[in-house]
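Chain nomenclature is as follows: A, B, C and D, assigned in order of appearance, with residue numbering initiated at 1 for each chain independently.
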Amino acid sequence: MDQFEAARPYVGVFTIPPTPFLESGAIDEASLRRCLDFCVLAGAHGIVMGVNASEAITLTDEERMRVAEITIGHVGGRVPVVIGVSGVSTASSVQHAAHARAAGADSVMAMPPYVRHPPAGEIFEFFAAVAAAAEGIPVWIQDYAGPVGTPMSTALLTRIVTEIEGVEFVKEETAFAPQVITVLAGAAGDHARGVMGGMAGRYLMEEARRGACGTMPACEVTDAHVAVWNAIESGDEREARRLHTRLLPLLNYEAMYSFTIYKEVLVRRGVIASAKTRVPGAGRLDAENHRELDILLKDLAPLLTLGLRPDF
Amino acid sequence: MDQFEAARPYVGVFTIPPTPFLESGAIDEASLRRCLDFCVLAGAHGIVMGVNASEAITLTDEERMRVAEITIGHVGGRVPVVIGVSGVSTASSVQHAAHARAAGADSVMAMPPYVRHPPAGEIFEFFAAVAAAAEGIPVWIQDYAGPVGTPMSTALLTRIVTEIEGVEFVKEETAFAPQVITVLAGAAGDHARGVMGGMAGRYLMEEARRGACGTMPACEVTDAHVAVWNAIESGDEREARRLHTRLLPLLNYEAMYSFTIYKEVLVRRGVIASAKTRVPGAGRLDAENHRELDILLKDLAPLLTLGLRPDF
Amino acid sequence: MDQFEAARPYVGVFTIPPTPFLESGAIDEASLRRCLDFCVLAGAHGIVMGVNASEAITLTDEERMRVAEITIGHVGGRVPVVIGVSGVSTASSVQHAAHARAAGADSVMAMPPYVRHPPAGEIFEFFAAVAAAAEGIPVWIQDYAGPVGTPMSTALLTRIVTEIEGVEFVKEETAFAPQVITVLAGAAGDHARGVMGGMAGRYLMEEARRGACGTMPACEVTDAHVAVWNAIESGDEREARRLHTRLLPLLNYEAMYSFTIYKEVLVRRGVIASAKTRVPGAGRLDAENHRELDILLKDLAPLLTLGLRPDF
Amino acid sequence: MDQFEAARPYVGVFTIPPTPFLESGAIDEASLRRCLDFCVLAGAHGIVMGVNASEAITLTDEERMRVAEITIGHVGGRVPVVIGVSGVSTASSVQHAAHARAAGADSVMAMPPYVRHPPAGEIFEFFAAVAAAAEGIPVWIQDYAGPVGTPMSTALLTRIVTEIEGVEFVKEETAFAPQVITVLAGAAGDHARGVMGGMAGRYLMEEARRGACGTMPACEVTDAHVAVWNAIESGDEREARRLHTRLLPLLNYEAMYSFTIYKEVLVRRGVIASAKTRVPGAGRLDAENHRELDILLKDLAPLLTLGLRPDF
């Protein structure tokens, strides 16, 4: 029996590529394509594009649509693609959802509008509008902490997945997210086909035990995340935990430096050309950061089975 | 002698039209054009489009550019047009600044990126990039309170207007904004051609005495705001204050209900077709709100010299 | 028939004295006593002490209890006294509620803990604990906007006043507070004996029409607030509005400068000795502020029937 | 040569005991004393009491002073004691600093007032007042992220440690804290005797390399933290990292559940009687949390050299 039957094919590590930038600040499409191949070859069970870890909030609409098109086209059905359609308003998310669907996305995911946050009643209407624009492909609710996210009660999440056709999945990453997964499983029942965790997979062992059907981390060590998940799905919790513990020092480091580390690791692995970021306040790595990263990656090297370069 | 010589033509009431929506949620271009005419005929000394009071954060990029083009084209040089180019990132603001300049805007105005807020060093680089994209037309700094705004120190504001060519004006509306106008006048000296206040003009009497060259309110009672300013500029402070006090009850009411009231007043004045808003959490007016507004507008009617309809 | 019968004696202007400080920063008890007399003589229908406008968050526990004791003792039953017992935790509010009751307070008022904000379930438990500590005197819920307040849904407010014995009143000052008053009146029915507004009474005319039993403003122009309320209660809405409009320019000014203006007005009226404040970021008045205040007070003078000094 | 000579005796693991509560909610003084002994016996180089991890914001002033007195008295000079004196206002922090000094604290530590946050100028005055009240014992600046903390620029931190006599140390835990340690070391030079990190020691390896003189974690695995530090100070970075990596899964878990886990671990180790917390929104552990904690502690057991109980 497959405990994840209802959720398939949305099971496992749905990995988030960054939006690579040239030093000029423009999008580096060649690096993006390489990165998509890297994710697929590293074993990602799915690709999530256009969300927080990909700095989607910093792209123009035209850039976001271009990135979605490249992603869907270049992945070419090798794994499912989830396109992030969070926006500044319902109109913005509807635009991106309609575009993603037309471009061939397998599903779309949205937080409520992230500049000014809507009250509960408007959130329900928001997801109804997004689901309508998605015209039949599944919609994910991203339940995310502030200031960018709008945390929702489990009662509201349940109401949305129960009453709005097409809203079928949740990505859960608010305070005490693992507990929320348990509560939601009880409250939403079959109305939620699956719930994935986030937070780089730092709480994946616990989330999996609570019934999460996967996790959505940034992609720089997709091979390592996949190794953890495959052990989980094969039922070997001991091995899964051993691998997860091995991965944790890097995830912990990323919890502080986030975007810049995601990209620096991909640069070092030869996947993208530049670690340049756009997100305001993302910071820059200094010499000690690089030295620490040297150490962390050397230690993690055995799990980085794909594309490992000789110099670390 | 003209105390505002350096600031001209950016002197007086630079009024902010809303973005009118059809009941379907799409932009109502006919109402927009009527509203632009209304502003000009009501005596606005300038038009500011694409900022907070126009719900710019809720538009798609394409909609924002369309609105900017209509505004610039329809105003047709009758008064100066300032286009708001705040965005989610430097790339976004650069896009809108370049577009506004190409479309014929007289100047552009920006807050730092408003989803994640940049630290001081990045803010400087942000305005340098916007000024470069504006290619010679003046740039306004909008110093606005959070969560959408990024309040800046007077030291930083001074550094930006002093060191970045093209950044010449400030719209100031953080805590204790009138005091900031005084401090900035001393610190920035001639590097700032002018500073305008915001906050619907509620503190205009004090701001004017501190040297503000104007104010940027929402446009629904432009005729009344203009009457106040003209009295100020003519040196008749007593009359200015009398008119301002007459205006204050409506401004006070708008301080709570903002967007919905801006639009409802314009609907009642026959300028736009619908009071529909997009901003998350903008709320809706109930019966008591309408009754209160009846009273406030009846009392204000003598100052609403343009387009007054017989039924209030 | 008395529409406010259930709410009595909590009807009218419940005015909030500041905590006066000596230049040394210590509490000025003599000024406090003078201020309490001023409030009563100015016609306040009740006194509220130990809340936001009195800078209660800046006092030590010992100071808060001392101020409560002086207030209750000096008012001596001339009007009802409501003591603010908001605190950093349930334990803190319980301590202040028990103290206030023992000291003879007529009722107590609390926001949920204001440093870290509790979720809904904990808020219910919080008010149950406060009501238990208040041992039978009425408890007010203060529904206040962030960051200090914890806005509550009308469903939660209704549940608290319905299920917890002793919780009988609400002070409402979140976004769209007047609308909340209407919704709450319908939802809570007789379980809420009364609801008062806040926000300095700037929306009092509308709140009263919606059934508010009073308002809780800072006390510096209590005589003017009382004149407005008395006209409302006597049914003369036209006169009430005329007086309220006369009061509005000062209330508008206070909306920006708050604490420092509350105290400066009381200094000018000869009530307290110093305008010194403790609240972080309260700011200081500059020369232009004083000049503006001169004008505003001169205009308001006819309504300041008590303790008017000859020099403004 | 001792690289930490200037900082001594403030070097190493300065561990933060919780404030233990009885099921009734009152402070459990017996558990507190056991916990202080536990810290000292586990090798803590110092004790920090009355800060965030000890839920100090939830105590009444009387409770805070009582806890400080018990801590200083019971530790009895075995290791240095730092008392947290952050408060709601300057007056509050001055009260606690004066009390701590009189009670025999070795040094005191403060964040700026944490309800309403002061601007830079007021922060300087705040630390001057705290240093005056501390009368010669060293003062620590706690540079902490919001919403409770008030992040300070390195320029301001440098000015404070340079110009205010008595302010000698910094605890740094804002965004990119390790980088701040490096910048501060360059800017403040000898004016800062030492800088410690926080964040449970999750970034200790990097902080130590940047010159941090220690770390201030919650105390539940003090023995493990001490083992890491001792390896660092002995120059054995490889062993330090091995131990730190071993510790990381628990620290990662605490990053989500914080207070409740700190206390639950101490309950399981037989140190305190109850895991009850006061902090609003601290949450409660469910069955899966307990199961996860079982696993994490079993794995960490070899490092928990003190007070290990047989049942995990």
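We take it that contacts are C-beta pairs under 8 Å (C-beta built on N, C-alpha and C of every residue); 3 or more make two chains touch, one makes a residue touch a chain.
As the structure is a prediction and not an experimental result, all values here were calculated from the model.
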Both-way neighbours, i.e. chains that touch chain D and touch chain B:
A, C
Which chains are shared contacts of chain C and chain D?
none
Any idea if chain A and chain B meet via the same residues, over half in common, or different ones?
same
Chain-centre distance (mean CA atoms) for chain A and chain C, in whole Å, is 47
Using CA atom averages as chain centres, what separation in Å is found between chain A and chain B?
38
Centre distance in Å when chain A and chain D are each reduced to the mean of their C-alpha atoms:
34
Scan chain C for residues touching two or more other chains and write them down.
281
Could you list, by residue number, the parts of chain C that touch chain B in their complex?
175-179, 182, 202-203, 205-206, 209-210, 241, 245, 248-249, 251-253, 255-257, 281, 283, 286, 288-289, 291-292, 295, 299
Tell me, which parts of chain C touch chain D in their complex?
25, 57-63, 88-92, 95, 112-119, 122, 147-148, 278-281
